[in-house]
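In what follows, subunit A forms one complex with subunit B and a second complex with subunit C.
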Partner chain A sequence: MSLWIYEVGLILRSPVALIATLLLAIFAGAAVLAGLHEVSRQQAAIAAIPAAQAEDNAAVAVRVAESQDAGSAAYYSFHPTWNAPSTLAFAALGMRDVSPHMLRIRALGLEAQIYDGETFNPELALPGRFDFAFVLVFLAPLFVIALFHDLTSGEREAGRLRTLEALPHGGRALWLRRSGLRFIMLWTALGVPFLLGALVSRAPLAGTAAFVVIVAAYLLFWIAVALLVSRLRWSSVANAAALAAIWLVLALVLPTLANVVINRALPVEQGSEIALAQREAVNGAWDIPREDTMRRFYANHPEWDGIAPLPETFHYKWYLAFHQVGDESVADQVQAYRTGLERRDAAARTLGVLLPTVGVQAVLTRLARTDLQAQLAYQNDIRAYHQRLRAFYYSYLFHDRPFAAADFGRAPTFVEGG
Partner chain B sequence: MTETAPIRIEDLVVDYGADAVLTGLSLCVPAGSITALLGGNGAGKSTTLATLLGFVRARSGTVRVDGIDPGADPDGARRRIAYLPENVALYEHLSASENAEYLLALSGETPAREALCEAFRAAGLQEAAWSQRLAGFSKGMRQKVAIAVALLRRTPVLLLDEPTSGLDPRATADFNALVSAVRDRGAAILMVTHDLLSAANVADRICFLDAGRIVEDLEAEGPDRFDIRALHRRFAVTERAAAA
Partner chain C sequence: MRTTLLIARDELRLMIRNKVALIAVVLMTLLTLTAVASAWSHQQHAADLRARHQSEAEQAFDAQPDRHPHRVVHYGHFIYRPLSPLAAFDPGVDAFTGSSLFLEGHRQNTANFGDVRQSSMLVRFGQLTPAFILQTVAPLLLIFLGYGVLSRETERGTLRLLLLQGARRSQVVGGKLIALGAVTLLAGLPAMIGFALIAGKPGASALPMMITALGYGAYLALWAIIIVFVSACVRRSRTALIGLIGFWAVTVILLPRVAPDIANAVVPLESRLQTDIAIGRDLRRAGDSHDANDPHFAAFRQSVLDRYGVDRIEDLPVNYKGLQAIEGERLTSELFDQYARRAHAAQLRQNRIVQTAGLFSPAIALRSMSMAAAGTDLAAHQRFLDQAEAYRFDLVQRLNRLQAESVSYANDTASDAGADRRKRIAADHWRQMPQFLYRPASASDLARAALPGLLVLVAWLSLAGLLLTAALRRLGGR
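And now, the complex of A and B:
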């Protein structure tokens, strides 16, 4: 025990170690605060939905009151969906900054609504937002380098190495103790801000523990790299340069190259192209005979066929039918797009096994449910909800039933994961 | 006597790849004696110390430190050795006391404060320097800190690597007196040095090392101990051999 106390005393007198640890704690703290702020902003936006929705419904009800047309109700009514952040999302925002976490949908064509909101921000796409995962994956290795690059070489350069190693507890045990102490300092600098964030966010114990273990494992990986380099018996400057080069390759160069390779090997069209194709299909429907559209619609949805004939004048059931036909015309593209994204995601996760920088990000975003899987699950929820909305409005439209003010309250509501 | 000597080396062969450094070294340092090992650069003096400390593995031969094989149990051997390198480099930002306490902790010792003070006094370190940071210490003062640590450890073996290089004559004399005191407490002391005069003053035995083996082994005799002129001649021969 006394040896640990002496080592603590020594490291507390090392300005570089203290400043580095403090700086890392500040970065981690700032990232946790930024993450909590972002999550809180998203939660507030989601919490504001019911009031805004009630106001919106009231306005649409006034508009529809006279005609009692279910088609007008379907056309003008927006229905909110949301993907609430998990309690660990503050630590790894993942795709929540580039993918929508709220979407107001109508019972019209869905695909254009989903993929219209798909934006691509190149500034955020590569390194991601400044969150705890960013600090851990990209910045923490630099602090490992700062604390470990001269662990043994510093003693050699100061002329103390032989003196220390000639003592019974001065060989491997000494380096293990010093490495352990530096590891604990770095782990604490990252772990304490994270744990405070998890406490504020009321994150589950298992997920929090998993995060803490991953932080430790990732630090240990970089410490192992630093210790391997130190075995080459280079100077401290050479060690630092070599470790910085390794960091550059592992954290930036290889993931970027791998991203390019995966994107080239697994081409996936943009979601906006699906939106465009769906819109073209829908707009094109105005120029083709209504009967053709309805025939295609009834072929896939015979349950609505023959209930009430289509009048000569405009009717929303034709309008909604060609929207649905528009959706169905891009179904293959949608499936190909999702499959492509999933294959890319699987390739990235496979790469993560070899590349800890990628692997840790993947695991953290999975734990925080902010990854592609979570995004696709949200889309599944939207699709399921949209089906219920269609069925709801179609039951009025295709039976030529009037849509009264009270019917707005009967519209299905969105349930996350439902 | 030979079997129980704290330092015992027999037919030691050490090589660094193709370079043979020790080629059959045999040496025995009994308890309560000082042996000085002299030789030119590359004669194998430092390798001998490194082998005793367990830093270098022997290719063949026997090495024992107080009965322990340092190749097989380096920590066990190091528990029995106090080692002073040529330049005693310690932590500049720590005081003499803090440095000594830390080194002793790494040796598994936690001496009482009074014992440390006593050791500093015995080593000749002025009391005002005990709590001073080492940054301003001379080489002699640093050595006194290291000697104080060695005194407190009471190891059966003391290894000295060029201990008097860079010391002025007075500091050398002080150091020799200290080493003699450690010897009188029963330690076996092996001193690697280029300082012939200092070796002649303090050592009980002087061994000349050349090409990895002892080529001359002289014991102190009579009041003059050693024939300085003969030592100089012998040393000149080994230095020339090393240069060649």
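And now, the complex of A and C:
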């Protein structure tokens, strides 16, 4: 035990180690604060939806009051959806800054609405966010390098190495003690700010524990790399250069290269095609006999068939039907588009098995529900909700029931994960 | 001068003998060539794809059958943001902004289908482009090659020896600088070759390219000077290396991420949901064309009747519904413009905060300069959005005028069996609508936008030069 105390004393007298640990703790703390701030901003924006939306709803109700037409209500009513940040999102903001976390939809064609984005400044998004995941994945390895590159070579250069190895409790045990101590310092520097953040945002225990373990594992990976390099018995300065070069390759070069390769190997170009084809289908409905549209609609939705025939004049059930037929006509492209995105994501995940930098980023954003999968899950929620909205309005339209003021309150509300 | 060159030659010989350095330079060259090739083909591919989509959209628009003009207002039009030729060097925010925009009446849509939402999270690690290599990777390579140029000599005591043999301090430092400068040129060469290839593309203009080349030259020269300066100031090579890597990590990796976060916190942007609701509220106040009792439109109707000297809208020589649509679109578009201007102003304020941070990080200054010169920055995207909105407004109003002039009010309000046929106008009207032609910023505009970044870099360069001169005097004095 006293040997450990001596080692602690040694480290406390080395300004480099102390300053490095402190600096890392400051970076981690700042990143956690920045993440918490961003998350609370998103939460506040989501919390402000009902008040803002109430005003909009009231205006629609006034507009529809006279006709009591469910079609008008469906046409003019926007229904908010949202994707609240998870309690761990503060630590890995992932794609949340470039994907919408709120989207208002109408019971019209969904494919023309679901890809809409959020207002964000692209120049600010370009370099990526300063969050805990960034501090861990990019900065922490540099601190490992600073603390470990001269672990043995420094002693060799000072002429103490042989003595140290010959000491009782020297050799392996000594390096283990010194490495262990440095590891604990770095782990604490990262872990404590994170844990405080997790406490503030009331993150679940399992996810928090997983984060802390990943932090440790990632640090240990870099320590292992540093110790492997030190076995080459190079000088301290050569060690540092080699480690920094490895970091450059693992953190910047290979991920960016992989991004190019993945995007090239798995092209995803259906986005614009969906938009074009859906518009063609929806607007084309005005140029074909209405019965054709209704036939296609009833074929897929027999539950609404034969209730009330289409009148001679304009009727919203035809309007909403051709919107739905328009959506359904591009279902294959939508599926292909989604599959393309999932395959890109899966490819990056596979790469993460080989590249710890990518792997850690992938796991953290998965735990925090801020990755592409989370965005696609949000789209699933929107699709499910949109179906319920359609069914709600159809139940009035196809039964020719009037849509009274009280009926606005009966519209289904969005449920996350539902 | 001979002594200086001799020292430079010696230093270069040492670098060549250093296998690690050699491998690093070779790897860097390969990486740059990969980046040049991939960015080039990506630019080509994206530009072709967008051009193809654009012509498909135009064909679809022109191929519309006989329709009521208001149907065409809702049918709308798709336009695609063309990619500037220099995007092959620095794609800037291209991946982060949608490239396709749907234009329709009464609505202002977002640009959708940007790469960032269609890629795995790898896209957030950065994009492998010549600009990324020069901004991020090249300085680190120079650090590896140059941290020891003077500290090594100090450490081994050979610096004293050199000075005793009669070499002047300026000659020693000059020689080292020349050696590192030569390596810098070599490291930057592949990217510059790629750059020159792009210069041959149609639409690439000389002035912004010259500024870009100057800016990157200044940036790499700055790093060479900083490296020699740090190497001159410290007694041990290890301190030089750690210090330089730390400086690189802070200015190239850390600050470019921290500055945007600060900007986001200081100047929050209004969400799209809030904006849409606010526009809806303002619109209800301004006038609702769908509401028969709306005061604004009641006054508008009266003014139309007065202008034509008739008492009933049925007696107007034009279709009142078309006029109403024109007025309605004018009101909504005014609001769109107003809110878009406000959002854009907020984003500009954010960018100014980041640019202020550029005073502390040459990488930020270079990045802004590079994107501005390449026409791939926020300003370029905003330019596209502004032109798209102007085109949307013009297109919708042309269609509304067609409704006013070519569809009679009687037909427009009829609902008998044949009414649908009578409301439609001939398909060749659609072919007469103008096409969207994006007008890119002029060369002088791009150059002007890039100038502030270049000035910051030059200021950094001068400061570093002064520091190096100051360090010169103390060199070898310990």
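In the analysis below, the second predicted complex is superposed on the first by the 395 of 418 C-alpha atoms of A that agree within 3 Å, B and C clash if a C-alpha of one lies under 4 Å from a C-alpha of the other, contacts with A are read in each partner's own complex, and residues count from 1 in each chain.
Here is the rule we use: a residue touches a chain if its C-beta (ideal position, glycine included) is under 8 Å from a C-beta of that chain, and two chains touch if they have at least 3 such contacts.
The structure presented is a predicted model; accordingly, all values stated were derived computationally and were not measured.
If you count the residues of subunit A that each partner touches, which comes out higher, subunit B or subunit C?
With both complexes superposed on chain A, more residues of subunit A are touched by C.
In the overlaid three-chain picture, which partner chain does A:I26 touch, first (subunit B) or second (subunit C), both, or neither?
neither
Could you say whether A:G171 touches subunit B, subunit C, both of them, or neither, answering first, second, both or neither?
Once the two structures are laid over each other on A, A:G171 reaches subunit B alone.
Applying the touch criterion given at the start, work out whether A:H37 contacts subunit B, subunit C, both or neither, answering first, second, both or neither.
The second partner, subunit C, only.
Applying the touch criterion given at the start, work out whether A:I288 contacts subunit B, subunit C, both or neither, answering first, second, both or neither.
In the superposition, A:I288 contacts neither subunit B nor subunit C.
Could you tell me if A:A59 is touching subunit B, subunit C, both of them or neither one (first, second, both, neither)?
Second partner only.
So in the superposed three-chain picture, is A:R160 touching just subunit B, just subunit C, both, or none of them (first/second/both/neither)?
Only subunit B is touched by A:R160; subunit C is not.
First (subunit B), second (subunit C), both or neither: which does A:L232 touch?
Neither partner.
For A:L18 in the superposed arrangement: first (subunit B), second (subunit C), both or neither?
A:L18 sits against neither subunit B nor subunit C.
Does any part of subunit A touch subunit B in one structure and subunit C in the other, and if so which residues?
In the superposed arrangement, which is not itself an observed complex, subunit A uses no residue for both subunit B and subunit C.
Going by the contact rule set out above, which residues of subunit A touch subunit B in the complex?
So the residues of subunit A in touch with subunit B come to 2-3, 6, 9-10, 13, 158-160, 162-171, 174.
If you look only at subunit C, which of its residues touch subunit A in the complex?
Of all residues in subunit C, those touching subunit A are 20, 24, 31, 34, 38, 42, 49, 53, 56-57, 60, 65, 67-68, 71, 74-76, 78, 80, 92-93, 96-98, 100, 102, 109-128, 132, 136-137, 140, 144, 147-148, 237-238, 241-242, 245-246, 249, 253-254, 256-258, 260-261, 263-265, 268-277, 280-281, 284, 290-291, 343, 347, 350-351, 354, 367-368, 371, 377-378, 381, 415, 417.
Give every residue of subunit A touching subunit C within the complex, in rising order.
Subunit A reaches subunit C through residues 16, 27, 30, 34, 37-38, 41, 45, 48-49, 52-53, 55-56, 59, 63, 78, 80, 94-95, 98-100, 102-104, 112, 115-130, 134, 138-139, 142, 145-146, 150, 236-238, 240-242, 244-245, 248, 251-253, 255-260, 262-264, 268-269, 271-272, 275-276, 279-280, 283, 286-287, 312-314, 340-341, 344-345, 347-349, 351, 357-358, 361-362, 365, 371-372, 375.
Please name which positions on subunit B make contact with subunit A in the complex.
Residue list for subunit B touching subunit A: 53, 55, 74-76, 78-79, 81, 83, 85, 87-91, 93-94, 98, 101-103, 105-108, 110, 146.
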